[in-house]
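Some structures are shown below for you to check.
Both complexes shown next keep chain A, but they swap its partner, so chain B is in the first and chain C is in the second.
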Partner chain A sequence: MNQTLINSLGSIKRKIVNFSRSQKFYLILAAMAIVVILPPFLSNYVVSEVLTPMLIFAIYASSWNLLASSGQGSLGHAAFLGIGGFVSALIAIKLGIPPIIALFLGSLLSSAIGFLIGLTCVRLKAWFLAMVTFGFSVIIVTIFSELDDFTGAIMGFPTPLIVDRGLPFYYMSFAFAAISILAMYLVMKSKIGLAFKAIHQNELEAKMVGINTGKYRLIAFVISTFFAGLAGGLFAQSIRYIHVSVFDPYYSFLPLMMCVIGGLGTIEGPIIGSAIIVTIDSYLPRIDDALHGLVGSIFPAVSNVGPPLRTLGLGLFLLVIVIFAPKGVTPLIKKTYNYLRNSLKEEKSK
Partner chain B sequence: MINVENVSASYGMVQILRDISFHVEEKEIISIIGPNGAGKTTLVKTIMGLLHPKSGAIRFRGENIEKLPPYEIVKKGLILIPEGREIFPRMTVEENLKLGAYTANGKSTVKEAKEKVYQIFPVLKKKEKALAQTLSGGEQQMLVICRSLMSNPKLLILDEPSLGLAPIIVEKVLDTVRKINEEGVTILLVEQNIRDSLDIADRGYVLEQGKIILEGKSRELLCNNHIKEVYMGL
Partner chain C sequence: MITPELIQALLWGVAYGCIYILLATGLNIIFGVMKLVNFAHGQLLMIGAYIAFTVATVFGLNAYLAILVAMGAVALIGIGVERFTFRKVLGTDKLNEIFVSLGLIYVFENAAVLLWGHTARQIPSPLQGLQLSIGEGLEINDRLLAIVIVIVILVSLFLLLKKTKIGLAMRATSQKSTASMLMGVNIEKVYVFTFALGAALAGASGALYGIIFNFSPTIGALPTIKAFAIIIIGGLGSIPGAIIGGLLYGIAENTAVYFLGGVWRDAIAFALLIIVLVIRPTGIFGEKGE
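Here is the complex of A and B:
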């Protein structure tokens, strides 16, 4: 027993040492350094409206990705974003609990409800699962709206903050994102993650190697909804004012879009997908104005087509990705990186 | 080792298996043969807990298992190689093998088991890092057999392992089955391919339309008139 413990500790140490010498490690270190050092030199708009949401949605999309890695696609994840957001804000206000503790309690409650919903969902496949998760999200938004006297969901209310907005909130979100994504990464690399992958690729065979498929699907639900709730709690603080609109189906499709764009089933996919979608989303008003002016100057009769054009743009972007890069943009980025590195090497050897 | 007693099973309202009884003793190779649609796959699914019998009992080493879920049955050392070469397609050969040892504990035993199966099929060692879906049909069947050995099974059930393989590979597969048996693993071989499977089996059962209609020593069955007429066209 002791010997196996020593052995496994030894192998973990070896893995860490090897990793710290690998190129990937330096790449991650460099990326981390940029996101830590750069923000104080950027405008408040970029920090609060672009970078911070990127981090929060990276957590949210990663939580969806973890559930999908077990072969379960949810179309109702907004329910957990909303539960995490509302519950953490409500208990901070009504019970006077410090917001940071309320954030954890909100995530735990999201996870508990995820467990209950998971109990029914683990028996379902594909479209049935998608429909039922969507159905549950409708039920949950109805409950929050009907209990308006208690939740204040319909009018909404300002959210209590853990730290001030701007740089402090950015750094806090960064810490949460780093820890959450690392935790989900470790789960997906562990024996549990291998079981998820097995269930996803061949459920019958997963059963035949002795995996309790129902249990592992439920574990995926519980972990995923915990982090979706955490993202919801942070999101509620980042938008200043929480309102029933966080339950909008848009937020259920968002993590799906982010994962598909970034690359499904990879750890970096949801992060890259979140970066792309949030960037597009926050600069769309400007693109809108530009398009508005352009189209209006050519066809004065349709000078009012701003907003539809921007959703059209996002839709087209999705189409292009799905058709030309079905594995998301991550492989493209990797290819470009390898290409650049190789051509640099050639330069040197000349 | 395993006793199946008066088992009946159905999908919904449609009864497939009727009052099936048979037994497999330690170290034996038993073959269950029958035409397409006879209920062979349904029978092995029932044994593995993927389907629960309507009536009857299944006992493995004296313990009733007919109400247990698949993962409990697998833990007891009963392993099924399902029909159709079920692999984890987008995982490497190595990961596939690792999953075969999912119920086993301890890294060293997994490593040992891996080295052992690589000795049986050295080609798999060469393709350790290849995705399982890139292997040929024959290689995939070997991978599936190796994976089933990773957990040191006591009883190995094979559902039509020769289906869709070239004769030369079928021979190799059945040869391997015999070797596995010599190592002490009891075998239940389910096949349509009567001659080859009875060739390596000690005893056999004939399943038709969900019923066992014949049983006996392999040699006896090969001489049986019904079998000669229906299965060998003699």
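Here is the complex of A and C:
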């Protein structure tokens, strides 16, 4: 164990050194600079309703992505989002602990429950795991609603904030997102991440070359649920009022969709996916009225055709991506970038 | 301890179980032959219920004849789904099948909302208002009829699998698809037929569901999971297992609701599923480990 740890640390160090010399590094640095400098010039709505959720869901989707990189597609990640959110808020209110510490305690508890659930899940194959994780999320929401006297889940309650909403909260979310995603990146690039990949590709072969598949799958569970809990704590603060609806299957499917659309198994995929989905969610409702005027008369059964039509479109989008672009939109963006760069170079050489 | 209410709960459980048996059998056949889990199977149930509802209310067809229409229509939808989505990802990463199912869930649920609205519906039963007593305390009602219909469908399914050529081809494919391909079985045809058959069973269970319960576009998710629990309890790929698993499940759920209260209904489903998976991952009747 010690030796593997030293090896992983060594490989992580090498990766960092190599990475800091690459062109990608400067690209990321530039992107980060934009993300840091731009927000003060944007409206309050954009900062707190679009950019902040984007960062929080980037953490959440990345945590899902990490688990999926070991071949384990969870359909119940909302359980950990909810546990992180509820527990961190409850601890802060009932025990009077500063919200920042409560946030970590909530994530740790989410991770502990992830460990327990992982114990049953690591033996299961893709479909069973998906079902069982979904099942656990239903069990957990039932427990939270049944213990309503203590959790206050059904009516919901306002969450204590670490910093004020708006710009301060945005910068705090940015710091958390940057650190969390970097941490997950390092894990995925280390020997542990390599083991995840091997397990994903062929578990039996991974076992044959001496990888303790159960152990690594459990590690994936623990790390992933920790960050899902962290995202949950931040999410509960960003929406200000936590309520049992945070366990909704919608939030279980959301990170999956973000990862698939952005590009599964890559580090940038969940971030891009989160940016796309949150943008769609915040700006597309504005076309609802227009849609209703346009096609509302065809579907007399619904009062507003906007929301179902949009979700239908999202489902079709997901199908098209999975079938025709299984690597997500990231390769398309990369291709466009390379194409632009090459044509720019040609211009120069002329 | 044994009260009339408990007996009532048990009977309800059997009727309940019967609907899930149909759904689970469809899921199980598709899994057995194609090694594919269609998470959108419950949405086919929901679509089946709506089709039967439309046929029964708009055209005034007897609700029990509408079951046949629902089966046919959902089978056609199943062919489309197999042809245009699952066939493209079959044999690639297993996670892709889950993603495709999720996309289908979104598509079906929202298409149903657009076509039929959010209102809860129920298919008008021809038995409504009739008192058909057969012996003491027993009367013919929709639940009893549902049990009979499920038995008829399962017997025909059994005959189809054991006595016909396509049934033979399906069984061969489920054992070893490459070998049966070498023996001249057209695998793609078998896949389409299997998926359509599974979908038709889901359509039938949907029509029965719609006669007995209220339904709305979002009912599909839980039946899928319950059907999944049933095939795990019964053992993957085993149809007798699915039948016994379905009965056990229906009874367990209804007695648990009777003793613990309705909020635990869904959590119990999963607790049962997880316990079975932990203790015996291959199911009670499963032969080989998955």
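One rule holds in what follows: the second predicted complex is superposed on the first by the 318 of 350 C-alpha atoms of A that agree within 3 Å, B and C clash if a C-alpha of one lies under 4 Å from a C-alpha of the other, contacts with A are read in each partner's own complex, and residues count from 1 in each chain.
The rule is short, and it goes like this: a residue touches a chain if its C-beta (ideal position, glycine included) is under 8 Å from a C-beta of that chain, and two chains touch if they have at least 3 such contacts.
Just so you know, these numbers come straight off a predicted model, no measurement behind them.
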Query = Looking at the overlay on chain A, is there a clash between chain B and chain C, or do the two fit?
reply = fit
Task = Pick one for A:123: touches chain B only (first), chain C only (second), both, or neither.
result = second
Message = Quick one: is A:205 in contact with chain B, with chain C, with both, or with neither? Answer first, second, both or neither.
response = first
Key: Where the C-alpha centre of chain A sits as vertex, the angle toward chain B and chain C in the overlay (nearest 10 degrees)   = 70
Ask   = Counting only touches as set out at the top, which of chain B and chain C does A:97 meet: first, second, both, neither?
value = neither
Ask   = Taking the superposition as given, does A:35 touch the first partner, chain B, the second, chain C, both, or neither?
value = neither
Inquiry  = Output check: A:73 vs chain B and chain C. Expected answer is one of first, second, both, neither. What do you get?
reply    = second
Task = Give me, in Å and rounded to a whole number, the least C-alpha distance separating chain B from chain C in the superposition.
result = 7
Ask   = Once the complexes are superposed, what residues of chain A are shared between the chain B interface and the chain C interface?
value = none
Message = Residue numbers of chain A touching chain C in their complex, please.
response = 68, 71, 73, 75, 120, 123-128, 130-132, 134-136, 138-139, 142-143, 145-146, 249, 253, 256-257, 260, 264, 299, 301-302, 305, 308-309, 311-312, 314-316, 318-319, 322-323, 326
Task = Write out the stretch or stretches of chain C touching chain A in their complex.
result = 37, 39, 85, 88-89, 92-100, 102-107, 109-111, 113-119, 221, 225, 228-229, 232, 263-264, 266-267, 269-271, 273-274, 277-278, 281, 290
Note = Listed in rising order, the residues of chain B that touch chain A in the complex are 48, 50, 69-71, 74-75, 79-82, 86-91, 95, 98-100, 102-103, 106-108, 147, 151
Note = Within the complex, chain B is touched by chain A residues 4, 7-8, 11, 191, 194-195, 197-198, 201-202, 204-213
